[in-house]
Amino acid sequence: MELLLQVLISGILIGGVYALISIGLTLLFGVVDIVNFAHGEFVMIGMYASYWTWVYTGADPILTLVVSIPVMFLVGVIIQKYLFTHIMKAPALTQIFLTVGLQMVLQNGALMIFGSNTRSIAFSWREETLKAGGIIIPVNMLVAFSLSFILAGVLFVFLSKTDIGKAMKAARLDRETAMLMGINTNKVFYIAAGIAAALTGAAGTAISTFQYIQPLSGAHFGLMAYIVVILGGLGNLKGAVVGGLLLGIAESFGIQYISANSGLLMAFLLFIVVLVIKPKGLFSAKEAV
Amino acid sequence: SSKNGDVKEVVVGVLYPTSGSLARLGGAALKAVELAAEDINEAGGIKSLGGAKVKLEIVDPGEKPETAKSATERVIQNKKVSAITGDYNSSLSLVTSEVAERAKVPFVTASVSDTLTSRGMKYIFQVSPKGSMFGESQVKFAKEYIVDKLGKKPKVAIVFEETSYGTSTSEGLKKTAEKMGLDVALYEPYSANFADASPLVNKIKSSGAEILFPVSYLQDAILIQKTIKKFDVDIITVGGGAGYLMPEFIGELGEAGEGVLSVASWNMDVNKNGVKDINKRYKEKNGEFITEHSGEAYSAMWTIAHAIEKAASADPEKIKEALATLKLEEGTPGNIMPGGDIEFDKTGWNKNVHPVIIQWQNGIPATIYPAEDAKSEFKH
Amino acid sequence: MLNVEGLHVSYGSIKALQGVSIALSQGECVAIVGSNGAGKTTLLKTICGLLKPNKGRVEFEGKSLVGKMAYDIANMAVAHVPEGRRVFTEMSVLDNLIMGSYVKEAKAHRRESLEYVFSLFPRLAERKDQLAGTMSGGEQQMLAVARGLMLKPKLLILDEPSSGLSPLIVEQMYEKLGEIHKTTDMAMLVVEQNVPIALSIADRGYVLENGSIHVSGTSDELMVDPEVKAAYLGFH
Amino acid sequence: MSMQVEKSYKSIEKVDTNTIESSDLQQSAPFLERISHPKMYVPLIGLLLLSIAPLMVNQYYQNILNSIVLFAIAGVSWNIFGGYARQISLGHAVFFGIGAYTSTLLLTKFGISPWIGMFVGGLLSVLVGYIMGLSLMRLRGHYFAISTIVFSQVLLLIFTKYRQFTGGAEGLSVPFADSFWMLQFSNKLPYFYIFLVFLIGILLLVRKIENSRLGYYMIAMGQDDQAAKAVGINIPRVKHIALAISAFTMSIVGTLYAQYMYFIEPVAVFDIPLSVEFAMISIIGGLGTVMGPVIGAVIMKPFIEIAISITNFLGFESVGGINYFLYGIILVIVVIVLPNGLIRPITRGYNKLLSVLPGGKSK
Amino acid sequence: MLEVKNITKRFRGLLAVNDLSFHVNKGEILGVIGPNGAGKSTTFNLITGVYKPDNGEVLLNGENISHLTSDIVCKKGLSRTFQVTRPFGDMTVIQNVMVGAFLKTSQLRNAKREAMQMVEFVGLADKANSVARTLSIIDQRRLEFARSLATDPSLLLLDECLAGLNNREVEEAIELIWKVKASGVTLVVIEHVMKVINAISDRVVVLNFGSKLKEGLPKEVMSDPIVIEAYLGKGFAQHA
């Protein structure tokens, strides 16, 4: 029973991380309509941003958000302005093509600048745990998990309650008509891409509290984020959170009760089963923000 | 002869991955090869060729068979190499060796897979121990020092990353463990590069094992060890090399890493001539101590130099002949592999080599087993 | 208030407009009629900044619109109800209307504007939470017009607003447009296939054919123009 | 709607064969006349040049040529399902992998020739494609694309996991031989010509499909499946057929790859980058065109070698990652400059060439 | 020939079609009118298998087709156009129509010949090799008409095929529809342009809120006060 609970909690915590990395992607994917295969690399840049901030200031990683968020916002705006703008109307495949190129540039750029060494941020609560009975909860995972809820909540309110949030959606659905409404669509896309990147950077910061930083640290997360976003329903924040949790739980249970190499397999099979039943993901577009 | 007198330099192709997931160790190994080439040239180059210098042609084989193939072709066809070395990763070496075999260029590798020298090839030479030997050493050591000496229950857990290296070395682990009467409570591969080690550690914990044999690359190794500590799992780790031997491992774990054990195909303090000096110079240059693959890479490069020396020719065919009958005795520069002389059997494997066991002591991997190679003692 | 002079527009090698000039003063309602492909939509899109002219002038309240982005022009209180409805399909009716009042001035009056368009089109009030894309064609057309009105425009540009609407709705909508025309000083530029109804509210009209103005005059003049009658009015 | 046409609906008698089937006429024209038209002789000359190209270069360039031709076949295969039918699969490595594994396992375990193995693999791929089709058929757009990725990851994990059957992550080595029957040669040239024959074969197949009802149905379905249904197209069936053909041919490429590389492992033959590469080759050349993927392969495959040459030239060969960094930059630039692929500009140039060549003005 | 029996379709609580019944006789043209959102297009979608009815059934020549998918319905001789046009955008006009023609032949040559005729018939011959995406909406409607005809249907459903045409063009289009009818095709036509409905329909069904409001001869229907109230509007007489 205790083991079961522990397995569940471990799964939920990992799921929270999957949700966290998916929030920025679901925004970019859902609003700017860009298939960004370099998403994991945005996570990686966020991790390095936190790392270097920590190196120079010694700040607690949570405080490094003050740097990683604006830095990544800028990165998002720049990439939107100089790259994504050119391919927004292009077929998904063209976008994949470009962003795979971008992924190579970022991964190998990081390798050239930072080297292949693995780095990490040291801080007081890194190794701390909460214990309840026999159940163990690593604090850093809990922080990452909580952050995913906070960011999803803030983004939800932003998108569904503010004019600019709605304008993002309008601009995606019909650029020309959005312009007729007085919406500066380019600006809206810059902001959306900036926020998406900033959220992803924040995810990178959270992840750097328990993972290790090197140029390929984001690669694995990129794919997981895609799976989560699709599982949850494209552009749906609730879906991203629920989807992330489900995958994490499936992985944890797969590892414990089937075999240690079945975690991802179970998560992927769950994904396929859900999509066979609900071809538009857990939460269909109707409920999307 | 006058013909050989014209040779001013001998070109050796070097294929260590410096991009992708293999970049960390590949880059480190490449540095060691460069150091070896420097040492060789400083020591007068190839004397039988009138002091010809060794010239390295470096090419990145990437992380895929396809890129490895193309890189090998590139260096062999376009650079007129006399021999090649590199890859450290067995999957890449499998491809490189095929290309080398067909092009009739000798390939000296430090990769560990048993398969490499089991295919009847004539141009491959493996200076390193075979993968299957690692598990044997780990278990033998654990039996002697932990089960028998410390009186631990013989319940063990074997977890290994589901990669070429992980699966090939784990076979030896399991076989030997069963042979030695250890109770294997858990024997499972896991998917490498996990987001979090908790599920795996939950599983290790619930298996009730007291000795853990993990085969992992760096990030997984660190996460497993950290999570073991967080989850209060009382278990002794005898790692399977790779991640368990890297400077970052101890850097991250600090105190928690002290006392962790691991198998290694080579270590910076093995009981061999010149090792200390190599480590010192390597560290001066690269800011970190020299790790197992780099040590082997260094040795492989010297092995090639000796073979060229013996062949007194830059001709690949003659160098291959020389390698087949080469015998680098104890004390010869570059013979730093544990296990006496470097000498290849019919399959091309360095038949005297064996792995060692290290323990992290004072932030340094100290060789503790077998006794002939060790300078330090097992501490508990 | 609106002055278009000598406008030339082309799509690649296709010349869609060849020297079109029209004028519109405050509070005036002008209809533009003409057959398919005459260039009506092209003209409207150019005024609104969605297309760039090769030559010619477009001025609104004395300021040139040429080279301005469509959203800047919307900010000058020019609303465009595009051909083919173009509602934001995956957004609710209400959010569509909110987008209609995105520009600063309109946003300030959003609440009143909503009440106003809901009174004009009660169906939209009933369906304010439905996704616009699932509305029937006619309902979407109402939404598009309402969305245009949300901008509180000085100039309202309508591209075939009656297309796909049932006669009753067309009648009602033109009644409302007529009312707006009478009670406010909003200027209107209407492109229509349904010539009689367009001319029924318009003060003046232009007939556009093959990219240039063919005939122009007051609505009454056009109604009796034999050529116009033959092409657009008579039926059997 | 215009009334000038005095023909009424459903009067099939009067047919203007000339404007309809000019290619029929060509076929009946005498050989000499046909061959003197640049439309015929240019491809023939091109083919001839291509077939002697590898004879003039060393093994390194031969290797590049071989992989161009091999990946051209893969691109063309992918294009059947991804380009014509517009089912954006990012999991086609599944079939490549099955082809590679089936023939290699049959060869290593039972000594069965890859010539046979490739068909067994092809049939297996068709079966797996059918299952994939059944489960993913209802998905569209991004949902479909990402699901195909996940599907391929599942196969990757399974092939890694059941290592008693597949050799697991350690991979499989193809036992060395030098015989046509075992599809293995110590020299690279025979591979080239075999690949070339396969390429020509699949190009002819695709042309045939393009000019058939199936081809029209595939394209129509790819454009708008609702409208396609409304004109009587059985969507699941067309999808399954398109996928079956694509899977079968892709599987053959997998076998050829294994025989050429002598070594396969799950990551090398099932992972995402490979699937993405197939798709890229098609799109850079031109989606849904016969020759597009060939052009795509000709351009894409040497990219990395070019990048390496540049770094070597600059003396940066030991800077880790620089090759792929450059490669990435080249990709990004290519996409931004040519977002719609190269087929259109190239076709335009080609047609211009045809029209100025002797014999070209006659038409 | 076609019988619609008590069909109902709900979208999340919205009754789009409510217990609707009507029939179509062989050889006639049935006009379908009704206010926007009355459920006309949805009814077409229910007949052609795009949606499945929640209740009721659709019989084609006595056979229940309500559970069939659109492609099978089409093979049974029932073809339709879409209110919002759906051409195969990247294909040329002739290729679009060939796709329709392939229903009855598998020969490229026959399909091409058949398609060419249809393209000429609807007056698109000069644009036969234009890519469909670049056509104007009106031309796209023509194209859809041709594509539907190419499937050689016995029953053809037209959803606002004539919207956006000017008078002259409407007249031409009506003649086309007559010709189609003359060749033995039964038609069901949704239009908001009363002149068209008047001119071509043998009978008219009026829908309102998903149900049948009225059915009868065009003259009867259009003078019916209920229909005027719900759909035509008082001003109708003036403009007609």
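We just call them A, B, C, D and E in the order they show up, numbering each chain from 1.
The rule we apply is simple: a contact is a pair of C-beta atoms (placed from the backbone, for glycine too) under 8 Å apart; a residue touches a chain by one contact, two chains touch by 3 or more.
It should be emphasised that the depicted structure is a prediction, and the values quoted were computed from it without experimental measurement.
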item: Shortest walk length in steps over touching chains, chain B through to chain C; value: 2
item: Remotest chain, chain C as reference, centres from CA atoms; value: B
item: Pair with more cross-chain C-beta pairs in contact, given D-E and C-E; value: D-E
item: Chain whose average C-alpha position is farthest from chain A's own; value: E
item: Mean-CA-position distance for chain B and chain A (Å); value: 37
item: Chain B and chain E: spacing of chain centres that average the CA atoms, whole Å; value: 75
item: Centre distance in Å when chain C and chain D are each reduced to the mean of their C-alpha atoms; value: 49
item: Whole-Å gap separating chain B and chain D, where each centre is the average of the chain's CA atoms; value: 40
item: Touching two or more other chains - residue numbers and ranges from chain A; value: 108, 111, 115-116, 215, 259, 261, 264
item: Junction residues of chain E - those touching two or more other chains; value: 169
item: Interface hub residues of chain C, defined as touching at least two other chains; value: none
item: Touch relationships between chains, expressed as pairs; value: A-B, A-C, A-D, B-D, C-E, D-E
item: Footprint of chain D on chain B - complex, ascending; value: 18-20, 23, 26-27, 30, 58-60, 62, 64-67, 69-70, 73-74, 76-78, 90-91, 94-95, 98, 101-103, 113, 115, 119-121, 162-164, 166-168, 189, 191
item: Residues of chain A defined as touching chain B within the complex; value: 3, 6-7, 10-11, 13-14, 17-18, 108, 111, 115-118, 120, 127, 129, 136, 138, 141, 210-212, 214-217, 220-221, 224, 251-252, 255-256, 259-261, 263-264
item: In the complex with chain C, residue positions of chain E that touch it; value: 11, 14, 33-38, 41, 83-84, 136-138, 160, 163-171, 192, 194-195, 199, 230-236, 239
item: Interface residues, chain D side, partner chain E - complex; value: 1-5, 7-12, 15-16, 19-21, 24, 211-213, 216-217, 219-220, 223-224, 226-235, 288
item: Residues on chain C engaged by chain A in the complex (per definition of touch); value: 48-50, 69-71, 74-75, 79-80, 82, 86, 88-91, 95, 98-100, 102-103, 106-107, 131, 147, 151
